[in-house]
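So that we are looking at the same thing, I have put the structure below in structure tokens.
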Amino acid sequence: MEEQHWENNEMTFDKFHEECGVAGVFANEDAANLVYLSLYALQHRGQEGAGIAVSNRSEMKYEKGMGLVADIFSEAKLEGLAGDIAIGHNRYSTTGISELANTQPITVTINAGQISLAHNGNIVNAEEIKNELVRQGAIFNSSSDSEVIVHLIAKSKKEDLVESIIHSLRQLNGAFSLLVMTNDKLIGVRDPMGMRPLVLGKLKNGYILTSESCALDLIEATMVREIEPGEMVIIDENGLESIFPFEKTDPKPCVFEHIYFARPDSFIFGDSVYDVRKRMGKKLAEEDNIEADVVIPVPDSGVVATLGYYEESGIPFQMGLMRNHYVGRTFIEPSQSIRHFGVKIKLNPVRSVIEGKRVVVVDDSIVRGTTSRKIVKMLREAGAKEVHMRISSPPTTFPCFYGIDTPTRKELIASTHNVEEIRKYITADSLSYLSLEGLMECVNGGGYCHACFSGQYPTLHPDGD
Amino acid sequence: MEEQHWENNEMTFDKFHEECGVAGVFANEDAANLVYLSLYALQHRGQEGAGIAVSNRSEMKYEKGMGLVADIFSEAKLEGLAGDIAIGHNRYSTTGISELANTQPITVTINAGQISLAHNGNIVNAEEIKNELVRQGAIFNSSSDSEVIVHLIAKSKKEDLVESIIHSLRQLNGAFSLLVMTNDKLIGVRDPMGMRPLVLGKLKNGYILTSESCALDLIEATMVREIEPGEMVIIDENGLESIFPFEKTDPKPCVFEHIYFARPDSFIFGDSVYDVRKRMGKKLAEEDNIEADVVIPVPDSGVVATLGYYEESGIPFQMGLMRNHYVGRTFIEPSQSIRHFGVKIKLNPVRSVIEGKRVVVVDDSIVRGTTSRKIVKMLREAGAKEVHMRISSPPTTFPCFYGIDTPTRKELIASTHNVEEIRKYITADSLSYLSLEGLMECVNGGGYCHACFSGQYPTLHPDGD
Amino acid sequence: MEEQHWENNEMTFDKFHEECGVAGVFANEDAANLVYLSLYALQHRGQEGAGIAVSNRSEMKYEKGMGLVADIFSEAKLEGLAGDIAIGHNRYSTTGISELANTQPITVTINAGQISLAHNGNIVNAEEIKNELVRQGAIFNSSSDSEVIVHLIAKSKKEDLVESIIHSLRQLNGAFSLLVMTNDKLIGVRDPMGMRPLVLGKLKNGYILTSESCALDLIEATMVREIEPGEMVIIDENGLESIFPFEKTDPKPCVFEHIYFARPDSFIFGDSVYDVRKRMGKKLAEEDNIEADVVIPVPDSGVVATLGYYEESGIPFQMGLMRNHYVGRTFIEPSQSIRHFGVKIKLNPVRSVIEGKRVVVVDDSIVRGTTSRKIVKMLREAGAKEVHMRISSPPTTFPCFYGIDTPTRKELIASTHNVEEIRKYITADSLSYLSLEGLMECVNGGGYCHACFSGQYPTLHPDGD
Amino acid sequence: MEEQHWENNEMTFDKFHEECGVAGVFANEDAANLVYLSLYALQHRGQEGAGIAVSNRSEMKYEKGMGLVADIFSEAKLEGLAGDIAIGHNRYSTTGISELANTQPITVTINAGQISLAHNGNIVNAEEIKNELVRQGAIFNSSSDSEVIVHLIAKSKKEDLVESIIHSLRQLNGAFSLLVMTNDKLIGVRDPMGMRPLVLGKLKNGYILTSESCALDLIEATMVREIEPGEMVIIDENGLESIFPFEKTDPKPCVFEHIYFARPDSFIFGDSVYDVRKRMGKKLAEEDNIEADVVIPVPDSGVVATLGYYEESGIPFQMGLMRNHYVGRTFIEPSQSIRHFGVKIKLNPVRSVIEGKRVVVVDDSIVRGTTSRKIVKMLREAGAKEVHMRISSPPTTFPCFYGIDTPTRKELIASTHNVEEIRKYITADSLSYLSLEGLMECVNGGGYCHACFSGQYPTLHPDGD
């Protein structure tokens, strides 16, 4: 294997899954503020841009921007978003002709009036639908797959807007946890497989729909329940109505939400993310038999699994890698002469924890392998006697079609190399992954989408490489 | 007349006509830079926002922002706009759900591929077309009337994109000096009445289409000619093709371009703006018989007409009002106690020019009357013995449907008050306007749209108030 | 003469005199706001940076920044500057280790408490004093000559602060129109020669001291009188006290204030700037006998002199060069291929005024000659038959020691070339300057400093090149 | 006890100690960049402002700003800081007339030339010295105690600059880890008690002096050793010279550096911070006998001590409080209705870890008590059966005179309340602190300053309240 092939100077960790966060509030005078706080709590689901749209029951306004929620919204901008219904969106990554054009909510005027839409997920047949819509005369302003949903709604001949939305969503193949705001309604819907999370909360005044329960905690909303796979809730002056407009299918929530995406303090897919992640660490230890002096996480994402690993293995838990939490997107890398800079700027080993020790280091996944390789080198330079890399999920071998902009297979090291080859590349003394069976046990026997590990995509997907 | 009714604290002069500037370059490596400079030269046509889109022959990119051209485009942004075709747009004023959404160029993906569009003018039947398009399932992202043009093009069933554009423009009633950029073409077109200017220039490499000739001077392009009313030019690898796709009609260029909009150093509608404006001043003097000691302009827009007035009348020309050119849109008005602040921040009288004198002060138009009133007071406080206000155009009595966001009739002082009433309101010793006949003589006997003075709209227009 | 030697790509006009503006308000609740407005009116005296310091009678605060007044001070910043005494400063140009460190007011803690200082002028013996102070243990934070004044005050052994200030100022050789704010006083002082202007105004509540009367107009203060050369006014709770603490000497106000620095709508040195400047134009015409078709100014600084020239000569006045007033300091010059860009971005000829004409073009001065050269070329390209450059002041041959950062003699074209050589360099058909005698007649027989024309410096000066 | 008295809506955790970080590089072409990276690694020591000064051997330049290092320094600013000697400073907090004026390095011109100074620590007799200096005619530009050091150096009559620095520092009472840059030297010095850390590193080219070893790791410098208490190192072309210019005294490093200030991955005062902090947790557990189901840290500062606690007690370690790492200083608190917002925005409990459990929660210290109170409430709302607060240091009872801007005694809850009263206030089931003896054992038997716990100040201090 050519090492050169895999080296790059990436700044950020090489997660390949990409995500978004959504939040919508109905009938609360503070709607935009509560959505702002929710987006802030969901910042981990998308740091590239955010937006909030608000309805005052007669017209909509919105604000969007690139960057972090706290940087985009000034007090003046929030004050300008008057109205008691609001939806918001955090975007993980954007592509295409203009980054700003791809931020959401998408707020447009259609036959039924103004609507705003915030989408978490990925539409597998978006390109196909887009081509047909464009052929018919539609114009597209962004490269976001979410824009097709608005077009389908706009073109629907149904009398009723809710009917139009249902009719449109039925044409989609893929993942959507979707919020639609009309002048007087907040609608939330999850695709029949329920790939992305969506929870319902009760505010002192009104309701909130949002991606993860951690947002409810921040704004002191009570968690009511999760929206079910295939369920649509329509919240308006008459209260909350729940319908199941799609053909029933087996739920296939994304197991990577539990492995990496969601915050450990959230409750999704019927389970505590913290508990699931700890179980993964335990199972990983159960499947392992390495002897070591210390087990350390790659912070922050590996921490909870490592706590499980230590509980099961009895190997002492330490924070052998310290994370600098001032890392921002604007950081300049001024010095070309410093090696492995991308990881150094985030992580620094604690020599007294590592030196002379046989170290187990736990991470949630390996994508390209470059980060893992840098971490192993860093630990050896800090004096580790042995470095054993443990991954709390199976090898990620297949691209995801239900997230956004995944790398192609050839960028995934596990799709072209076996575990021993990967071990050699990352220069670890040993490497092991959690088995797929082990993983499924941790999420109560399965019913999850694990296509990125198994290639078993729950829907038909377009031919990619 | 209630004075209260007319008082407000407006910061800016109360011009009611609103405008835009456009520029497009074909086949020059420096395309975005040249468009940037052109927009800079056209800054007077729109200060609220600007954008530039560029094609590198395979895809388009754009940058947009609110504010002045020089503030929006950094060196980095311009460098990012690589490609040899570019179009740009200065926006005068924006309304609606998001100001940024209304800036142009509008860059979209349609059946024919990507297109960008920059529009100067106003589509009278935009609302009507929009309603029909929305009924058919179109989605609208802005409140700009220009968005309907893109939709019509997208929906056209014509084989050829140029045919589609023609087909679409034929459905429009109103004013358009329009640039369309495709991946490999730059198309410029003027509506059959030729209401807004559009000139063609030759660069050392390639062509430029832009609103006024002053932009050509800055970038050292040679003026070739004006695009004719109803003419479309298609510039591509094969050179420049000119066609006349519309039914022939009498040209009706907007006379207000000569009175106020255009820069005096531009050549539009077959005439030097400076010369026309000076003729207006001469004619104004010819129709006048006031005795005075000095004639002064309201700078900057009244300067050239005043030069004509002085030549004809023999009354000495002086700069009795000095303009502070550091006025910007971000200026804070910190003191509530200062009277007539809005004008003071821009204009200051020169006491030694004014004191003890009979002053003729020349402006190009009166809209609400509040600014004129403040100027008269300011001159009296500086010691003027008499103040005679002279306007180098007729009373603006009717709203314009070919610009954008004009005030309703009741905001136009001349639509509800006669000249003597206006004189009383602005507290001048005398007030006179250039006659409509006089004005028409200055533009070579007419053929111009003068609806804002006469109410004779050259097209049917929707019922407004 | 090598043309290459003189060519550069400067953006701005090549004035070599540099200036500042000051304003101070005593006993008005709105003090910081009124100073802000005054600095705004004095923006022409310095665009590089500004600051405002305020005293609430027990402590001082300040805000400073680089750029234009309107950009530096937000509403929040102004609100933070609570207090009823305030002084402010516009800086023309800064040099040294940090630009921001050189902005004023200088606010420091000394033995007598906190003081703030804003200085317009130049201290000829600053370097000498600084060297001695540093030798004694003083520390300097900036490269500004004004910092020596604060040091002298701090080190003075006088019991009383006013005595200390007097004692300090007596050691200075040079120009100072100076404001000093203490916790409860506003002190204004002009050097014995009165080189820089300083006027006293009365507010409805309290007093204002400021560089030019145009600032009084904006804030509706009444002009009381100018501060006399050598006069110090101390304004406090007991009212206004005037003293003359310096040895009497002949006043030598700077004639360049009338030629270029001051705004035409100001009244300084006992005269209207507008009137003086017009007289210069008249005298220039009187000394001239050229035959021409049109006389045009180089705007904005040449306008008023040109009005005088036309009155005297009878040659018709036109605005043959249009100025783009959106020029800002952040403008990017993206195109290397365009010639004479520096002037083009500001000025554009009006072809119909110039073409085929014998043109007299009036400017206030020539420094390096590069701008004049570009203007002549520009006029020829616009079709001028002849171009006659007329300058409303004598050749600027000597550097100024009473402004700041003047170019050395070898940069002044008139110090190394005679008029005919300059004419050749700027490629004009003829060139003439106002005579020194003529100039002195315009300012009522003299008593002005004209060292930059005559080399007759009113004080001893350090040996420069 | 009145609860009202202690309630406030503070955003940040209520640490009362305040700190700074310094870094200086000698003889490396990349000097400013390496200092930038070091300041970035030391960001935890000060987030309010930062600056870098550079010497190119003939003159100095600097850049300063408010906020985080990564936000202050753009690529352009760093490129502008050319030179091979540089020093930098992170400021924790600023006070006084202008925040920017208090940022460091302080760069001034004195008799010996230009010098720059970056100071970590607090001068106890600064006010006294300042008063005397001001009486003698000194001027002060900031309210920083570090400015007195520059004055003393400037006024020193010693022939040699190094002698002057020594002479000046001998007059100081307090803490200083100080960097001084001259045109050709980098000087580092620690006060005789060695209160603040300072380490020496070797770069491939040149040397670095910086507050903590974690900065060396980032820039791949090798740690040479710590600068000794009372040691001065002078680095110049001749290499590194070490002298001990002060009277010998017992070292008294600040124990709070180990408890809270320093990063766990740093090595200071002869020990690994991580190890010391873990020992504190162990000792805390040793002194404790509570029965509980889980021990959790208050992240991030309590994590390492908690790891020690779990090792000793055997109580399972979990991350029961999740920290949102996107918290920034610009965050808006839009909702008045949400209780305990200040803590919620940073921390969220993990219900599945807490619910039904007897929870030990470990923090490093309690200042006002308001944050602890909110954490206890938060844990109870998450279902904790019992909440036992454990603090890995003794009660902080006395203000610190060797940091900056400490709260007065009445703000320190432990100075007016006993442990039981504090327990009641924070509503915990039990509360205990690490004993002073226990703490001293963790740092190898003492020799540390523990005045904030014991009131035994190692120097005389001015009478405070």
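Just so it is clear, A, B, C and D label the chains in written order, and each chain counts residues from 1 on its own.
Keep in mind that, in the parts below, contacts are C-beta pairs under 8 Å (C-beta built on N, C-alpha and C of every residue); 3 or more make two chains touch, one makes a residue touch a chain.
These figures come from a predicted structure and were not determined experimentally.
Taking each chain's centre as the mean of its C-alpha atoms, the one that lies farthest from the centre of chain A is C. Mean C-alpha position of chain A lies 36 Å from that of chain D. If you average the Cα atoms of chain A and of chain C, the two centres end up 60 Å apart. One finds 48 Å separating the Cα centroids of chain A and chain B. In chain A, there is no position where the chain touches two or more neighbouring chains simultaneously. Under the touch rule stated earlier, the contacting chain pairs are A-B, A-D, B-C, C-D. Residues 59-64, 97-98, 100, 107-111, 114, 134-141, 150-151, 154-156 of chain B are the ones that touch chain A when the two sit in their complex. Interface of chain B with chain C (complex): residues 30, 33-34, 36-37, 40-41, 43-44, 47, 68-71, 73-75, 78, 204, 214, 217-220, 263-265, 267, 272, 274-275, 300, 303-304, 307, 310-311, 316-319, 322, 324-326, 328, 330-332, 334-335, 337-339, 344-345, 348-353.
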